[in-house]
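The following block contains the structure, expressed as structure tokens.
Note that the chains take the letters A, B, C, D and E in the order they are written out, and that residue 1 is the start of every chain.
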Amino acid sequence: MGGSVMKPPVSRLAPVQWIRQNLFSTWYNTLLTLAVGWLLVTSVVPVFDWLIFGATFSGDGPGDCVGKGACWLFINQRLNFFIYGFYPDAEQWRVDIMFALLALSFVPQFIDRFPGRTWFGLFGLTGLPLCGYILIPGGWFGLEPVDSSKWGGLMLTLVIAYVGIIASLPIGVLLALGRRSEMPIIRGLCIVFIEVWRAVPLITVLFMASVMLPLFLPEGMNFEKLLRALIGITLWQSAYMAEVIRGGLQAIPRGQYEAASALGLGYWRRMGLVILPQALKLVIPGIVNTFIALFKDTTLVLIIGLFDVLGAVQSTVTDPAWQNVATEGYVFVAFCFWVFCFGISRYSQNLERKLDTGHKT
Amino acid sequence: MNSQQPVSKPSGPKPWYDPRVRALVFQALALAAVFWAGWVLIDNTLANMESRGISTGFGFLDQSAGFGIIMHLIPYDATMSYGRTFWVGLLNTLLVSFLGIVAATILGFLLGVARLSSNWLVARLALVYIEVIRNIPLLLQIFFWYFAVLRNLPAPRQSLELAGLAFLNNRGLYLPDPVAQEGAGALFAICLLAVVAVVVLRIWAKRRQRATGRIFPTFRVGLAILVLVPALGYLATGAPIAWDVPELRGFNYRGGLTLIPELAALWVALSLYTAAFIAEIVRSGILSVSKGQTEASKALGLPNGLTLRLVVIPQAMRVIIPPLTSQYLNLTKNSSLATAIGYPDLVAVFMGTTLNQTGQAVEVVAMTMAVYLSISLFISLLMNLYNRAVAIKER
Amino acid sequence: ATTLENIKKKGHVQCGVTTGLPGFSQPDEKGNWTGLDVDTCRAVAAAVFGDAKAVEFTPLTAKERFTALQSGEIDVLSRNTTWTLTRDASLGLNFTGVNYYDGQGFLVSKELGVSDAKDLDGATVCIQSGTTTELNLADYFRAKGMEFTPIVFDTSEQTVQGFSSGRCDVLTSDRSQLAALRSKLPDPNSAVILPNIISKEPLGPVVRQGDDEWFNIVKWVLFVQINAEELGVTSANVDDMKKSDNPSVKRLLGTDGDMGAKLGLAADFGYHIIKQVGNYGEMYDRNVGPGTPLDLERGLNALWSDGGIMYAPPVR
Amino acid sequence: MIQVEGMHKWYGEFHVLRDLNLSVRRGERIVICGPSGSGKSTFIRCINRLEEHQQGKIIVDGVELTDDVRQIDSVRREVGMVFQHFNLFPHLTVLENCCLAPVWVRKVPRKEAEQTAMEYLERVKIPDQAHKYPGQLSGGQQQRVAIARALCMKPKIMLFDEPTSALDPEMIKEVLDVMIELAGSGMTMLCVTHEMGFAKTVADRVIFMDGGEIVEQGPPKAFFSNPREPRTQKFLEQILQH
Amino acid sequence: MIQVEGMHKWYGEFHVLRDLNLSVRRGERIVICGPSGSGKSTFIRCINRLEEHQQGKIIVDGVELTDDVRQIDSVRREVGMVFQHFNLFPHLTVLENCCLAPVWVRKVPRKEAEQTAMEYLERVKIPDQAHKYPGQLSGGQQQRVAIARALCMKPKIMLFDEPTSALDPEMIKEVLDVMIELAGSGMTMLCVTHEMGFAKTVADRVIFMDGGEIVEQGPPKAFFSNPREPRTQKFLEQILQH
């Protein structure tokens, strides 16, 4: 018998064979390859020409943008506005600290062997918002107060998305528990709440929050526009969050509920100590995905007159001093969002894969 | 509960320890709280509106609107009522949603399959497309398609034209409008006949397969019938359809069918964006069918094509349909971004101009939200019916 | 509580302005707002607090503006809003006066070679949503028996972008804005403003109905500014004018009589307005007058004594 | 210890348990067997009110099981349960699994709870696994943790629902050994199992259920050698033959 | 019927099957056993080309398995396969499961296909379940449907890959009964199984695989009583001791 080590006949595919197998295996594959290849060559070359090779990156002012390519100089000069909005120059270090803390809490999540990365994550969920609450609006510990109407740009985008997620998490948990409750009225109320919020477009929610809310409240009770937008976004988001969490609750086997009851734990302890920790861990990818969705949707605050990144860019691209920089502006915004969303979605896919295998053992 | 035997201990717990009583009380409280909150809201709103002298009621719907709307599927002009603007906006919303759903579905399925293609280049390209498109905010994409593309189209006098029949410029795409002439009825009847013939053919082919086992290429023959018969019929009945060809008069083309850039941009952006999500749904749907199923099917001797058609797709559809509908709902909701580029959808026309001219925010917003809620409930209803119909039977 | 009390408690006036319209209200990179409408708000703040900086701005799109005012989101709407009967009567609002007399006009691309509005039959028109312009336009074309295609945008920025990208032949708006909007075009010289004026557009600040005290304050802030111009009181000479013997000036600046108390304000509210914001003429020249990018002649907005129709009741 | 009188239970229209009567003395060890679907699990789960019965009475340790939340809680504190599929909490370590209920229900200080837990883990012979997560243990080890977890509440009664049937043959023995040791210590036990060897070794009484009824009961010797009812005979044949 | 000559297979760098040689006569019944991971499943799946081999020859019913799609299709038509996890199509009824391949592959009229299917369903003793969906059946019933489904194509050879290992003990017997009956009818069978009772009853030859090689083969009697190789002895010890 054969016995000892024997190599497979074709150990590794030679490049030619690889191309054959993956690009030209049948006649229609060949056709597809050729068509797609042609498309790539004709579209990618001019695009890169515009983006990079013919583009202007530095200079002093509008006059320096003479090449045929993009005028990145414009972005370069307005970057401060795109990131901080109207936030006073002297106080921008506070926002920088928040950016650093944000990176500190979430970059370790991408590194598997980072010691204590869960703690960093937990800080991101609890300490970070607290720091933000102190640092960004100011007014504490002798920090100069900065009115929310001065917030803008990328910073505002992040604030809205982050607050939206953090605040909607607990509400989402309650709604999800309510929707699985055995009490028909509670369940009914939760279903109605969730379905109504999920049915309406975010911009109508924002519109209501931004201009109509005071009409519903008792006279004299009023909060600032940003806060109202945040409330609207949070309620809207919590309906989505509830559905994600409900998925996690459903995935927990009945045995866990029973074992917890058999040990004599009451409803809230059963949920808090046994079920939710498991369910939430299970739906982290889902939560991350809703975060991405919300992050993209923050652009809609532009429609109610808040200057997020897109709003900031839009309000400057019509500057008569610069010739036709709208495309550069939009490409810049698209790139910002893309980098964030793609990075996070990659992370969530990784996580999904990891949790997937984790379950089988 | 209703024990028949004598009970040694006092039967039934004290009411506050009985979970049923607790549940009832708790629910009653919750309901009361919700009603109270609702009442306070309504009371406040009414009081506020009263004190600020805002008129209430739906009487405004009968007043004349006085503004123009670029696109209307039902007859509309500025002398008609605000109520009419509601329907114009609603139909425009439904139109763009419908078009978007159709295009996104087709493109999404193609992309989803392309993602699984054995052709490396095609699979990669589909992946790049999906990852780029779904990570960029939709609003931005709508702006892009509207402004960037519009800038690159020629002015009306330099229109791109196709055989003097179709014209493309930055005012839109102008196509000949079919106008029925004498004999059009006959042509219509012929088309109808062709459709009936295909249906009959399908039934016949199925019967024949049941009886003799021979398989008839229904799809190809049916397609041929659907294309050839109306074409021949058109010639045979003496070309009974006249075409209202658009022509350049004054500033622009007039007559014919027009596809305005606002609709086109919104349609393209919504379809491309949603297609990226649908592609992922389709892909995971197909992958969710376990390998065992394909293997079993192959082991029975079914070739790849039939395995896909008879075993994989029917099972994948069950997984695909529910998230697919929620994408349809998202698309419909996202169509409200029309307001950013001036497409006259419900939010732009009714919650925009009409609200502003009449100032009756509460009524207008309530009506708008009710519309979206109804659409959503309607689609969920269909969804549940479908789910019930296809649910895999289990013990 | 009355609006004035609420404002005093808040410490600032909340003022609704446009999201960006050169000459009327426009934020710069640092978020500082400038413009005629903005200065009107500052004048109100100066009157109430003696501090023109005690004001915050809420940028609003045209379609949000009335709802925002009705709901109490803002205290005063100063957003080039046309005074019409419907708005005054059925929206629960009160117009406090006119800070700019305007009329609707057309901006067309030079290439088209159009020189009069009656040649616009069949044109595609870019408009801003929720404005009187939208209604006037429909009326005008209907009256002339002409057809048009309306493209309705949310903000003036988008309207300009729509026009500059060639989506429409004509952009219509109040004439004051046309100049401003034209200056936002990539090539301002490629478009011309037609001479036709198709409507009356008296623009002015708006407050909620039902609070006469606040209504009076906003109304008289403007009157004070117009009176100041008439009397020759400017921000530069206001300190000297305090010593003036002219009884009108004395009443205006609060050195004689107590006009402020009648409005619920400090006696020298007029002084603060003029000192910190200036009289109407200064405000006009600074923001929209000749020499500014908008370069608008006074025209109708000149004082009645100079051939215009700016006329304010006397302070007495 | 346990008194069941004329107990009935329905699932909707389906009559699962019919007129059960049973009385268990302190320290008694009872094995319940019967064909699949005969209601064994349902019965045992009624005893700590994981299922609700509709008629009759169940009195556990002097407390009647009614709707009263306090009574249910007090019964559950005294009754430990071990499930077929272990149902350990996968997000907690073995030690945490064991301490959870003592700390939160009995309000024992954490230190003390951990000590007790370690004692019981030693008793089931896996003190060295205390800081692992359940997912890292074999089935037999997991089931022993489940037993230790139930014991940590120092229950007066232990219920077992087919504790070995999800295990590989090699592991069955380790778990049975622990259970035999436990039986030796005088714990009141109710055990649903098909391990007849175990029944013979430790049971004071074997109960045979079929169709929701208690068909026969008696000491194991008599039960296995001389089943009275034909249904019992048939069942025993099937089981022992396999 | 089946000829395997010097067959090798690799998964990437991993050499799963090493130099297999086997020849199966018409009507012969072969049982393959061996420890987990020894390549039994892989081998049997190579025979109807669910896996590709890289070296050597496999000839089934006179047709050599190469890359040629038509040859693969014709071999698959003649070879039925039953999987460990049944792999019934859950969206089709039992009857539709059985008729699918005859109708679409063999182009048999529907009526006729249904008749044949009912015959085979009777043979596996579940004609009354014909209109249920697989999800509504027990494991044993499902596996019997899977056998009937394979038989409906009237294959010349049947392959079984551990057909009973996912079943509960009670159900194993029903499936084995059907297989024994099938063996009696003279079908050529290759069966991977650990049911030694079955092997003893029906097999003409038992093949023992380990590490991707055929270690030993022979008639069941000799194989069980006198295994030659030490590896076989060790394996049999483990299995029979249980």
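We take it that contacts are C-beta pairs under 8 Å (C-beta built on N, C-alpha and C of every residue); 3 or more make two chains touch, one makes a residue touch a chain.
Predicted, not measured: the structure shown is a model, and the values here were computed from it.
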Practice prompt. From chain A, count the fewest steps through touching chains until chain B is reached.
Written response: 1
Practice prompt. Using mean Cα positions as chain centres, tell me which chain lies farthest from chain D.
Written response: C
Response to the item:
Chain centre (avg CA) closest to assembly CA average -> A
Item to complete: With contacts defined as at the top, give the pair, B-C or A-D, that has more of them.
Response: B-C
Discussion item. Distance between chain A and chain C based on Cα centroids, please, to the nearest Å.
Written reply: 40
Worksheet, complete the sentence: Rounded to the nearest Å, the gap between Cα centres of chain C and chain E is 88
Response to the item:
dist(centroid_CA(chain B), centroid_CA(chain E)) in Å evaluates to 49
Discussion item. I'd like the Å distance between the centres of chain A and chain E, where a centre is the mean of that chain's Cα atoms.
Written reply: 51
Discussion item. If a residue has to touch 2 or more other chains to count, which residues of chain C qualify?
Written reply: 67, 70-72, 154, 161
Worksheet, complete the sentence: Each of the following residues of chain A touches two or more other chains, namely 207, 211-212, 214-215, 219, 303, 326
Discussion item. Give the residues of chain D touching no fewer than two other chains, as numbers and ranges.
Written reply: none
Item to complete: In the complex, go through chain A and note every residue touching chain B.
Response: 22-23, 25, 29, 32-33, 36-37, 40, 182-186, 189, 195-196, 198-204, 207-208, 211-212, 214-219, 292, 296-300, 302-303, 310, 326-327, 330, 333-334, 337-338, 341-342, 345
Discussion item. So in the complex, the part of chain E that touches chain B is made up of which residues?
Written reply: 48, 50, 69, 73, 76-77, 79-81, 83, 85, 87-91, 100-101, 103-113, 132-133, 135-137, 149-150, 153
Fill in: For the chain B and chain D complex, residues of the former touching the latter
1-5, 7-9, 11-14, 17-20, 22
Discussion item. List the residues on chain B that touch chain C in their complex, please.
Written reply: 48-49, 51-55, 66-70, 78-79, 147, 150-151, 153, 155, 170-171, 249-252, 254, 261-262, 339-342, 344, 348, 352-353, 355-357, 359, 361
Worksheet entry | Complex contacts: residues of chain B adjacent to chain A | 23, 26-28, 30-31, 34, 40-41, 44-45, 47-49, 51, 117-122, 125, 131-132, 134-140, 143-144, 147-148, 329, 333-334, 336-337, 339-340, 347, 351, 361-362, 365, 368-369, 372-373, 375-377, 380
